[in-house]
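Take a look at these structures.
In what comes next, chain A is part of two complexes: it sits with chain B in the first one and with chain C in the second one.
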Partner chain A sequence: MAELSPASQDQSSRPRRFGLGMTDARFGLLLSLPVAAILILLNLYPFLYSFWLALRDIDLRFGIDEFTGLDNFRKTLESQDVRDAMWRTVKYSVQVTVYSTLLGLGMAILLNEKFHGRTLLTALILLPWAVSTYAAGIVWRFLLSTETGLFPAVLFRLGITDRPPNLMNIDTALTWIAIAHTWHIAPLGVFFMLATLQVIPQDLYRVGRIDKLNAIGRFRHVTLPYLKAPLLIVLILNTISAVNVFDLIYFTTAGGPGAATRVMTYEVYTTAFLNLRLGLGAAEAWLLLILVILVTLAYVRVLYRKEKKISTGEAAA
Partner chain B sequence: MEPVYVQLEKYKRGLITRREYFKRLAALGVATPAIMTWLETGGVSAAQETATIAPEFPPQDEIDSKPIVFRGWAYEPTVVEDNVRIFEEQFTENVDYQTVSGDYDLIIDTMQINNEPLDMFYGHEIGIGRYILQGQLLDYSSWWDFERATAEMLPAFTEAWTWRGDGKLYGLPYFSSVRGTIMVNTAYTEKAGLDTVQLTTWDDFYDLCRQMKADGVVEYPLLNHWFATPWATAWQFLWENHNRGIDLWDFEDAYKPLFGGDHESTKTLETWAGLFADGIHPESSFNMSEGGYVDGFATGDFMFSPQQTYDGKRLNDPAMSQIAGLVDFAAPPEGAPWGKIEQGGYLLPKRERTDQQLARVYRHNSFFGYRDINDELFVAKRWAIDHALNSSYSAILEDPDVLAAYAEWMPGGERQFNDMGQYFRQAVWNPFHQCPWFLEWQIPAKEELESAILGRKSPQDAMNDLASATNELWERYRDVILSNQG
Partner chain C sequence: MSSRLTAKRVIIYICALLVALWTLVPFYWLLNLSFMFNVEMNSAITHFYPHDFTWSNYVRLFNRHATGPGGVDLLPIPHGQFIRTGLKNSLIVAGVTTPLTLLIAMPCAYVLGRYVFPFRNSIVMAILLSRAYPAIAAIIPLYKMWSSLGLRGTHHGLVIVYLSITVPLVVWIMMGFFNALPRSLESAARVDGCTRFQTLYRVVLPTSLPGIAACAVIAFLLVWNDFLFAFLLATGSSALTFPPTLSNMFFQYSYPTEASAATVLGVLPVAIVAFVFQRWIRKLNIVDPL
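Moving on to the complex of A and B:
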C-alpha cells in the first residue's frame, strides 16, 4: 500500500494567485516580513555583540578589557571542563529527546482514542507543561530527595530497597533530570501530534483494514506519514529545549554532585555570570550555538529530504 | 550625658557652640583625635583634613526629596521594613528599602559595576575583596562612632571586616555566626550513653562518628557541610584545614596556593573520602540545597552536623523540625578555634557624596549596624531575640534578654548558651575570605573535592587538579591584587 500522505490529498499543484497578482508564496513572504524584521533586529545585534565579546578578554570583576582575537575560542576548545560539559550536554539531549518524543507520541495516540474521561486526562497531561520550570525543579527535587522524597520513600516502603535510596547520585543524577525535563515538555509534543492525528481521514484506516493491515501496519502506513512533519518539529523543539537546559539543573542539583550535571549552559553561566568573564563566556556560548545549529540543520535536512522524496514520488506517480 | 543626636540638635539650634558641641562628643567617646586636633587648632579648616566627619546632616528638604537607598536579600523583609520605619521616625528620615530577589551577589555586583545609586547593602565578609578591587566600597573610618563601635566588637569578627590592604573597616555587623558549630541530635547521644560531646580535634570527632556507626547507634552518624550549593564543600575544606592548622595559601604572594597532591591538606580529603566509603556519611547530601541541608538534619536521620549557630533555633522549632527540643551543641575545644566566622554586614558603596550626605548614610548604616537614637544595640538585639541571629557585639552575647530568648529553644539552656559564646570567642577569620577570586575558586573546588569524596578521583589527583585550576586564577589576578595590597 502506498503511503497516504497529506500531500497526496492536494488536488491542485498550480500556484494560487491572490490580489495584486501575487502568488501564494509571495503573499506568504510578505506576511512574514514584519516578523522577520523584528526577529532580525532582536537577534542580530546580540548575535554580533556576543561575537565581539568573544574576541575580547572582558573580566568585569577585575576591570579587565583587552582585545585577544580568537584566544577565547582556543581556550574554550582546549578546556577539559568544556569538553566534559559538552559531552554531558549530548548525553542529556539524547535522553530528553528520545524520552519526550516517545512519551508525547504515546500519549497523543492514547488521547486520539475515544474513552470516558478523555477530556479530563487531556487536561491532566497538559498540566506539567503549564508549570513553571522553577516549580518543576523544586517539585522534582523534593520527589527525589532521599530524606524527604516520595520516590525513595515508596521504594523503601515497598521493600524494594532496605532504606530510602539516593536516586540522584553521581551516576544517575543526569538521567533523573532528563526524566524531570521529559515530564515537563512532553505535553507540548502531545498537542502537536494530537492535532495532526485528529485530521487523519478515518476512511484511510478503513482502507487499511480492507487491505488486512494490523494495528502496527496501520500506524506505519496511515498514521506515520501524517505525523512526520509534526514529529520532526517536536524533535527539533525537544532537542533545543534539552540543549538549552539551565533552570531545571540550577534548581535541582546546581551542577552536582561533583560535576555530574554540569552541562554546557551551566558552564556558560558559571563563566559569564558567576565569574563575570564575559569574553570567555561568549566564546563558550558560541560553541553551544554551533551545536544547536548543527542539530537543527540535521533535522531540517532530514525533513527536507523526506519532503523531496514525497514530492518526487508524487511527480513519478 | 544625652546622646550624640541630642547634642547635635542643641548645636543646630544655637544652644551650644561648635566648640562645646565637639567637647561633648569627646566626652561621649565619639570624637576622634582628629576632632580634638581641630579643637586645638581653633577649628580653622582643620576639620577638612580630619579622617572623621562631623555628624552634620543635609537640610530636611533634601532628605525628603532624596531617599537613602538600601538593598538587601529577602530575609524577613517585614522585620527590616519595620526597622526602616523606626529609623525614619527616630531621625525624620527617608529610606528606599527593597529586597533583591534572584542571584543576590550577582545583582549587587552588577549594581556596583554600573555605579547605581546605593547607600547600603547586605554583604558577606568574603565579598569585600572584590568590591574594594573595583573601587566601589567605602570604609567606615571617618564615621564618628568608629572607634567606640569597633571596641565593642569581638576582635576576630572586626578583623574579618578589615581589608588587609589598608587596615580599614568595610562592614558593620548585621549577623554573626560560627559556621561549623557541631549540632548534636541528643536522641542518639542518649542512646549511646553519652552525657556530653566535647570536641577536641576533627580527627577525634570523626573517630567518634565511626564509633557510633560501629556501635549501631545510627546508620549515618554525620551530615557534613557537603551540599549542592557551589560553596558548601569548599568552605568546609577551608575552615577544617584552618582549624587543623594547615596553611593552604601564601597570603603575602596574592593568595598563591600552597597545596597539591602531596600537601598535608590531601590527608583531610583522604579522611573525607574514607568517611563516605565507610558509610559514615550519606551521598544524598550532595543534592541538598542550603535550606535542605538544615532540613536534612531536622529529619532526625543523623547524629552530628556542622551547621550555622543560628540554625539551632530552626532545628529546635517543632513546626520545622522532627527533632525539636533535642538539638544541642557539642562543646567546642578548649582554647582552639572550630568552624569559621561567618557574617552578614552592612556595606557602604562608594559614590559621590558631600560630607553631609555621607554623615546621613553613616547615621543610617550605624542605626542598623550599631546603635539607635537611644544608644541601644536595637537592631542587633531584635535579630538575636526574635530570630537567633547572633552578633559580634559582645554585649549581645551577654545580654540577659537574649539569654532568656535563647533559653526558650536551647535544650541545653545556659550551658548551651555559654558553649555558643565560646564558639564565638574562639572563632577565627580566614584571610583567604578576602581573596578577590574567592567566588571563582569555589567552582573547581566543589568539583574536585566532591569527585574525591565520591571516589571518582584519588584525593591526590583531585588536589593536583585543584592546585592546577587555582594556579591559573592566581597567575591571572596576581598583579592586580598585589598592586591593590601595596
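Moving on to the complex of A and C:
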C-alpha cells in the first residue's frame, strides 16, 4: 500500500487556486471525513458498546440491567450449548469452504476453455450469488422437501430410493445446507480465479508440453503457482461467509431438527433476540467475533504478501 | 491426436451442461412451483412442469381473485398486501441508501487510492475490519442504540444501518479502481489549472462511470437482499422491508406455490439487474470479505 505515492507532489510549488493552502493532507482528510464518521459512529462505537453490554446482565423480559463483570463470558465459556454450536460452525465452515472452493476452481477452469456459449454461461453462473442467502434458503427448501421437492421426486421416479435426502434428517441436514450455501457462494470464487487464469501466459503451457508435462503436471507447475494468491483469498472469503451464515439456516431448518443445525450465529440470535438476554448474547457474539478476526488476520496477511509480490514483480520488470 | 481433442471437447461440453444445470435448476424449480395451482402441487406425484399453467399465484398477491381448476373461485392471498408494502419499503430504503452511499464513498475512495495523508492507513484498516464484523454481533449493540434513539422500525433508521455496510464496501472496491486509473488525465487537468476538487468531479468521476454504476448495483443488491437487519430492527413496524415480510408469509400464511410466487417477485428484479451489469461488476475485480 505504501507505493501509492501522491500524484501531485511535483506540483506543490504551483500557486494554489483553492482556499487557504489546500494541501494533499487536508484534501485527503476532508474528503474522507464522512466515511471516518460512519466508521467511528456505526462500527467502532457499536463494537466497543457491545463489550460494555457483554459486561452487564440484561434481560429485556424482566427489565433487568445490572453490571456483572465478566460473568457473561464465564457462562459462555462454560456452556455446553455454546461449545456444541461452535463445533457445528467449524464443521459447517469446513464443508462450505471445501465444497465452494473446489467447485469455484472447477468452474473457473472450465470457463477459461474456449467453447460455444461460454460468455453466456459466465454471466449465468453469477445468478446464484446475486440472489440473497434467504432466497437461496427458500429455493433449496423447496428442492429438498418431501412435499414439493425435485430431488425426492427424481430419486423416487428413478427407483433409487424411497427415503430421499431431506432437511429433517439429523445426520445430513447440516451438509445439505452447506451444499445450498455452496450454490450461493461458489460464483464469487469464480470471479477471482477466472480473472487470474486469463492472464497466465499461454507460452508457459507450451513450455510445459515441451517438458513432457501431462495435464496434471501442467496444472501443478504452471496454473497453481499463479492461482495461489486468489485461491487463498477465496478460501478465506468462503470461510467468513460460512461462519456468518444465518438467513440460510433460518429459512431452511431454523436450527433443527433437534439442534442439528444450531450454529454459533443461531445460538447468539436465540440468546439475544428470543430469550432477550442481550448481555449474554453480546458475550457469545464476541466468541464468534474472535473466530472471524482470526480468519480475517489470515486474510490481511495473504493480501499484503500478494501486494508485496506484485510490487517487487513490477520493479523487476 | 484429433480423437483426443474431440474427447476433450465432449468433456468440456458435458461439464458446461452440468454447471448450467446446477446453476439454473433451483431457479427453474422455484418458477415451476410458482406457476402451479395448490391442487396440482399437492397431487401424489410431483410434476416436473406445471401441467395446468397459471399466473394465479402472482395475480392473487395483488389483491385479485382468480379462477382455479374446475372454475373454483380463488380468493386473494391475504398476506399479499404486506408483500406489496415490503417491496415498496425495500425500494425506498435501497433507493435512498444507494445514492447516499456513492456520495459519501466516492470522494473518500478517491483520496485513499491517490493521496497520502494522515490516518490514511488507519482508515483502510478500519474499513477492512468493519467488513469482517459479523452482522449478528453488530446487531446487538445497534438494537440497543436504535431502541433508545427511536430509530427502530423507521426508514431512516434502516438507511443509516445499511450505510454502515455499503459505504465501507464501496470505498474498498473503488479505492483499487481509482488507484488503477492512469494518472496522466489528472496531471493534465491540474496543469490546466483545475483545483483538486475540479479534477475529481470534472475529470476523474466522469471517466469512472462504469465503476461507479457497478458499485451502485452492488450497493443496491446488498440492501435489497438483506434479511437480518430489517428482521431484527423493523419487525412489527410499517417500514418492514420485503425479506422479513416474505419470511412471515413463508412460515405462517401460505402454500409453497404462493410463497414461490412472492419469492420470485423479490428475486427476479435483482437477478435481471445483476445479469445485465455482470460484465461491469466482474471488471471491478473485487477483493472483499463479503
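Convention: the second predicted complex is superposed on the first by the 245 of 317 C-alpha atoms of A that agree within 3 Å, B and C clash if a C-alpha of one lies under 4 Å from a C-alpha of the other, contacts with A are read in each partner's own complex, and residues count from 1 in each chain.
Definition applied: a residue touches a chain if its C-beta (ideal position, glycine included) is under 8 Å from a C-beta of that chain, and two chains touch if they have at least 3 such contacts.
A quick note: this is a predicted structure, and the numbers were derived from the prediction, not measured.
Student: Could you say whether A:172 touches chain B, chain C, both of them, or neither, answering first, second, both or neither?
Tutor: Once the two structures are laid over each other on A, A:172 reaches no partner at all.
Student: More chain A residues touched by chain B or by chain C?
Tutor: C
Student: Thinking of the overlay built on chain A, is A:192 touched by chain B (first), by chain C (second), by both, or by neither?
Tutor: The answer is second: A:192 touches chain C but not chain B.
Student: Just checking: does A:243 make contact with chain B only, chain C only, both, or neither of them? Give me first, second, both or neither.
Tutor: Second partner only.
Student: For A:147, using the defined touch cut-off, is the partner it touches chain B, chain C, both, or neither? Pick first, second, both or neither.
Tutor: Both partners, chain B and chain C.
Student: Quick check on the superposed pair: does A:270 touch chain B, chain C, both, or neither? Answer first, second, both or neither.
Tutor: In the superposition, A:270 touches chain B alone.
Student: Quick one: classify A:22 as touching chain B (first), chain C (second), both or neither.
Tutor: second
Student: Using the superposition on chain A described above, determine whether A:259 touches chain B (first), chain C (second), both, or neither.
Tutor: first
Student: Which holds for A:68: it touches chain B only (first), chain C only (second), both, or neither?
Tutor: Neither partner.
Student: Do chain B and chain C touch any of the same residues on chain A, and if so, which?
Tutor: Of chain A, residues 145, 147-148, 273 contact chain B in one complex and chain C in the other.
Student: Sort out for me which residues of chain C touch chain A in the complex.
Tutor: The touching residues are 9, 12-13, 15-16, 19-20, 22-27, 29-30, 33, 41, 45-46, 48, 104-105, 107-108, 110-121, 123-124, 126-130, 132-138, 140-145, 160-161, 163-164, 167-168, 171, 179, 183, 186-187, 190-191, 193, 195-197, 221, 224-228, 232, 243, 246-247, 250, 256, 259-260, 263, 266-267, 270-271, 273-275, 278-279, 281-282, 285-290.
Student: Using the touch definition up top, name the residues of chain A that touch chain C in the complex.
Tutor: 1, 4-8, 11, 14, 16-18, 22, 24-29, 31-32, 34-36, 38-39, 42-47, 49-50, 53, 106-107, 110, 113, 115, 117-118, 121-136, 138-140, 142-143, 145, 147-150, 152-153, 183, 188, 191-192, 195, 233, 236-237, 240-241, 243-244, 246-247, 250-251, 265, 268-269, 272-273, 278, 281-282, 285-286, 288-289, 292-293, 295-296, 299-300, 303
Student: Once bound in the complex, which stretches of chain A touch chain B?
Tutor: 60-64, 141, 144-148, 163, 166, 168-170, 173, 252-259, 262, 270, 273-276
Student: With touch defined as at the start, can you tell me which chain B residues reach chain A in the complex?
Tutor: 103, 106, 109, 113, 130, 133-134, 219, 228-230, 282-284, 286-289, 292, 295-296, 299, 301, 436, 439-440, 443, 446-447, 450-451, 454, 456, 477, 480
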